[in-house]
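Inspection log for the structure reproduced underneath, given as structure tokens.
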Amino acid sequence: MTDFNIIRVARTVLNVKDLDRSRKFYVDALGFIETERTDEAIYLRGLEEHTHHSLVLKKSEQYSVHALGYKVASNEDLDRLQALFQSKGLKTKWMEEGTQHALGRALLVHDISGMPLEFFCKMDAAERMLQRYDLYKGARIQRIDHVNCSVPDVEKAYSFFVNELGFACSEYTATDQDRIWAAWLHRKQTVHDQAFMNGEGPCLHHIGFWLPDPMAIIHCCDVLASLGYAASIERGPGRHGLSNAFFLYLRDPDGYRIELYSGDYLTSDPDFKPIRWDLNDPRRQTFWGTKAPDSWFNETAPFLDIETGDPVGTAPPTLEQKKPEFII
Amino acid sequence: MTDFNIIRVARTVLNVKDLDRSRKFYVDALGFIETERTDEAIYLRGLEEHTHHSLVLKKSEQYSVHALGYKVASNEDLDRLQALFQSKGLKTKWMEEGTQHALGRALLVHDISGMPLEFFCKMDAAERMLQRYDLYKGARIQRIDHVNCSVPDVEKAYSFFVNELGFACSEYTATDQDRIWAAWLHRKQTVHDQAFMNGEGPCLHHIGFWLPDPMAIIHCCDVLASLGYAASIERGPGRHGLSNAFFLYLRDPDGYRIELYSGDYLTSDPDFKPIRWDLNDPRRQTFWGTKAPDSWFNETAPFLDIETGDPVGTAPPTLEQKKPEFII
Amino acid sequence: MTDFNIIRVARTVLNVKDLDRSRKFYVDALGFIETERTDEAIYLRGLEEHTHHSLVLKKSEQYSVHALGYKVASNEDLDRLQALFQSKGLKTKWMEEGTQHALGRALLVHDISGMPLEFFCKMDAAERMLQRYDLYKGARIQRIDHVNCSVPDVEKAYSFFVNELGFACSEYTATDQDRIWAAWLHRKQTVHDQAFMNGEGPCLHHIGFWLPDPMAIIHCCDVLASLGYAASIERGPGRHGLSNAFFLYLRDPDGYRIELYSGDYLTSDPDFKPIRWDLNDPRRQTFWGTKAPDSWFNETAPFLDIETGDPVGTAPPTLEQKKPEFII
Amino acid sequence: MTDFNIIRVARTVLNVKDLDRSRKFYVDALGFIETERTDEAIYLRGLEEHTHHSLVLKKSEQYSVHALGYKVASNEDLDRLQALFQSKGLKTKWMEEGTQHALGRALLVHDISGMPLEFFCKMDAAERMLQRYDLYKGARIQRIDHVNCSVPDVEKAYSFFVNELGFACSEYTATDQDRIWAAWLHRKQTVHDQAFMNGEGPCLHHIGFWLPDPMAIIHCCDVLASLGYAASIERGPGRHGLSNAFFLYLRDPDGYRIELYSGDYLTSDPDFKPIRWDLNDPRRQTFWGTKAPDSWFNETAPFLDIETGDPVGTAPPTLEQKKPEFII
């Protein structure tokens, strides 16, 4: 048992080259609500979110991702988290309230894989638009759901998140040698807040946003094509075997991968037994057997160091098999 | 066999008091495409329509409906139709091309029930927006589908439309005495272009517009409520027993009844046997057994005489039973 | 902070007169999975449930409801719950493992309103059918979602559940005098596990089951009508203002009210501010303004005493207003 | 103007090796209604069809397709069609009523491309299951929609169908040299009854069946995967640019290609201008830009000669370009 309470993944911050270009994609095509825009950044939220933002697009020439933001229950949880990370010899850094727009005091750290994380318990409130159906458009983005990262050693990352941070595992992928190749870990009662997959890393593979139903994804494909974004569709739509969600993977104008995600299941029960999938099961990724393209396996985005602001160094994956056999 | 070819119901023209107020309802909430707006009128079309309009809203203080517009295959069909109406001693009147905005030469008549009809074969073209999914909103109105009128003598109207105008009957409602209480008649290959029901008339009961799927109706209810139009929802959503369509009935700001309609079936086959429904079958109107409100049976809109421009006189219904028994 | 961890509402047990008649309704029409059937009872679960059942139908001539079943995290939680209930002078009773089919040790109690509750941490496992799409039918019931009870003093029930049992409030209804008329309380991260509304009680108003999307509800209406169950539809389908869920209320063959429920929102955040609705807001119950029928306000089911097995006595509601003004 | 009236494509007859294997696919997975089964054949229809069948599966070792069946308005139309085919020097053959199960008198012919066609005006009636929602499953197949054939000379086939048989063109694909590479032709008021594409032929490319909405296709994918048919999914689901329909292509157990198809548009108007698509427009086939697999371009099924029962000889395509450039 941990002595702190991490609630859920709560925000991501991406560097983008052209704010106008990104705004067209995220607001006009995908249907994010724009909370605020400055010369430096755009702050976006989903229709059911009651907080200032879950996605920040920062103007920058450098393709990279800031620390992944997790919400905790209380201010004290932040101090206890710092104690944990320091006890493991991991870097930590405070950002006092007011340093980051709309955000309270935040603890920045690097985790066991070198991945930058941020913890906070307070964000400015924003009007919830869930019943402003007149504003629904594109994918009808409802809320942030999860982040998925490639790391060199999934078992190490798994162990740290489950044993030290108090995450639970809903589903995982194993190799023929019974090594964990990928894992879906959650704090909130959905399939995941954080997934890890075997690969060069730590890198961000994608951010997942939750939609109300599969038709929102179909409509989003139609809207994207109407607006000239057909080439942004990388994979799907389809049904995941793992998680059972209906999904679509997009590449935004800078190349970041966004997953539109709908319809997993409740993971409230402590006695829920994690579901095991064989890496080579063709129904694992897409239940209907469709293969993911090479780019989906090979392309990720680099993280930034919480202290230097430089890209975090990466290492090659521990497990040899890089893709399911039927893809190779 | 007729010697002319009526294609389908193609437009309706409604008098409305306040063009701005109507525009908010039809364009902002229901999602019609506005082709053109003048000081006198708004011209609206659905997403798949390749013609200038299917609905005209004319500024006027007088709550009433102009002649129902039917498209025919050729100019010659108009002359042959005139011959038919004249041979029956019914009023006819020509409106030459250019008289009505965006419309070719039109023949106006009164039918056997005194109901004003308009026939034309030519309308200005407009860009089809079917694949402009970025413009989809509200109910995603696709095209005009049908008109439904209350008339004093349904059997007389039925006989005129089927025997003289060449319509086919898809479904009908019969009383216990086996009299036709209502009928669904079509030229295009859907359940109807024109329906008649027993009532004071001739009056317009409603205009039906076709939507791509039931979820467009659910979303429209949500949008209407978000925009403060909840009171405009008169009946539904529900599944019709008769026609099998998923439906919603609305009252527009002037009180005209609009049906959103989706999912009937193909009526291409000449050997299709009209489906009989008993007036008192609770699944006839709403397959789920839900009762229609009194207003749905009692309130209609008056027509205008093609010559005088005054309201067309009405007569009480021939058949005594005014509603299904379980409603009374 | 409580010293126990209630996970979620997990099962309900209803007395029914005719098991075959009930089976047709719940399995053939609604699409529940039948885990097991004996001469005395039918055990049902939803498609995503990994436990033996969430609904038990017990053969009995007596129209009444057994203790509402809540799952807790551990066996120790049961002892701590007993301590709490005893400290309040409330009745408690143990049912040892094996006493109830497929269930571990259970603590039965009466709560502050006299309502019978049952707590347990263990139930036999069952195969999860979430990806057996070939078995989906009717309403595609996914899992139990909530119970709703009428009680004479909602504020007292609210206070007990929030302050003593550790529930959080997501939304509530207030009268003009700012008294709590109804409340939606949750342990799992959805809008509710337990709702209370002002009325004669304690009585069961309805049990809610979660479905994957609104179309499952539409299809269920169609299936119900096809199978002759149209009269079982009491209210809806529609969108709730409160909770934002898409809903349908049914009356089962014995008269118990079942809600099909889909699409509320995540309630993970401790800083989520409960949403206040005015009792007389026409969008509160049905966002589209549709009125609930009288039966929905007036008819409920009695509970059974955990010791005597007799019906629990009821008291009239504390707050005078029994319905929204626009209904009266 | 023709002196006969072809109504629509109405049935196809496929040879299959194993009736039980085919039944599992078409009835259990896709949801066809089985009208009748003999030792030699299975007769299938969709939920809205009021006729005995639209698909016949005949037991045979020979992978091949019988004459494509078109319904005409009257018995006289058959004689007039014979006159036309004979005047063109094309083979014709009568099958008197009773020769083919459930079918009236039929005229068999080879068309200008050598493709076998069958015309009839009478088929036994069958109960329409449109409102038997309790029987809906899998893809909820509603009715036969179209056939698509590859022919060596699309312009010749186009000209014969449009000028001699009275079909209308809704959409077509042209090469950079403005040659017709593919064409969508209809008699009933949908996008097509008959499509032609440039290829070795005459061969059957696929049969299309109409479904009520896109979710029926998504659910069908899920059901197929649940039942072990994931490998049967060849292409999609997706949105067609051409026709705007939502689609899925399957390969049945013998290898025949079946399209599930939903949501094109009304083609009632004689002044509708055929829509031109450039062969190399990436949105033409799949509006979202997804590429079709090679098998979709290369694999078809042979036809049988109406007289000899042997496979019809084929010829290579006239136009050199075999696929869109971005596929090659």
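The first chain written gets the first letter, and so on, giving A, B, C and D; residue counts start at 1 in each chain.
By definition in this document, a residue touches a chain if its C-beta (ideal position, glycine included) is under 8 Å from a C-beta of that chain, and two chains touch if they have at least 3 such contacts.
The UniProt protein names, listed by chain, are A, B, C, D = 3,4-dihydroxyphenylacetate 2,3-dioxygenase.
Note that the structure is predicted; figures quoted are calculated from it, not measured.
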item	value
Between C-D and A-D, the pair joined by more C-beta contacts	A-D
Chain of greatest Cα-centre distance to chain C	D
Euclidean distance of C-alpha centroids - chain C vs chain D, Å	50
Chain B and chain D, separation of their C-alpha mean positions in angstrom	34
Inter-centroid spacing, chain D versus chain A (mean Cα positions, whole Å)	44
Multi-partner residues of chain B (at least 2 other chains)	131, 214-215, 222, 225, 287
Residues on chain A engaged by chain C in the complex (per definition of touch)	7-8, 48, 50-51, 71, 73-74, 121-122, 125, 130-131, 142-143, 188-190, 210, 212-215, 241, 244, 263, 265-266, 268-273, 287
Residue numbers on chain A that touch chain B, as the complex places them	28-29, 131-137, 215, 219, 222-223, 225-227
Of chain A, residues touching chain D in the complex	214-215, 218, 221-222, 224-225, 230-231, 233, 237-239, 246, 282-283, 287-290
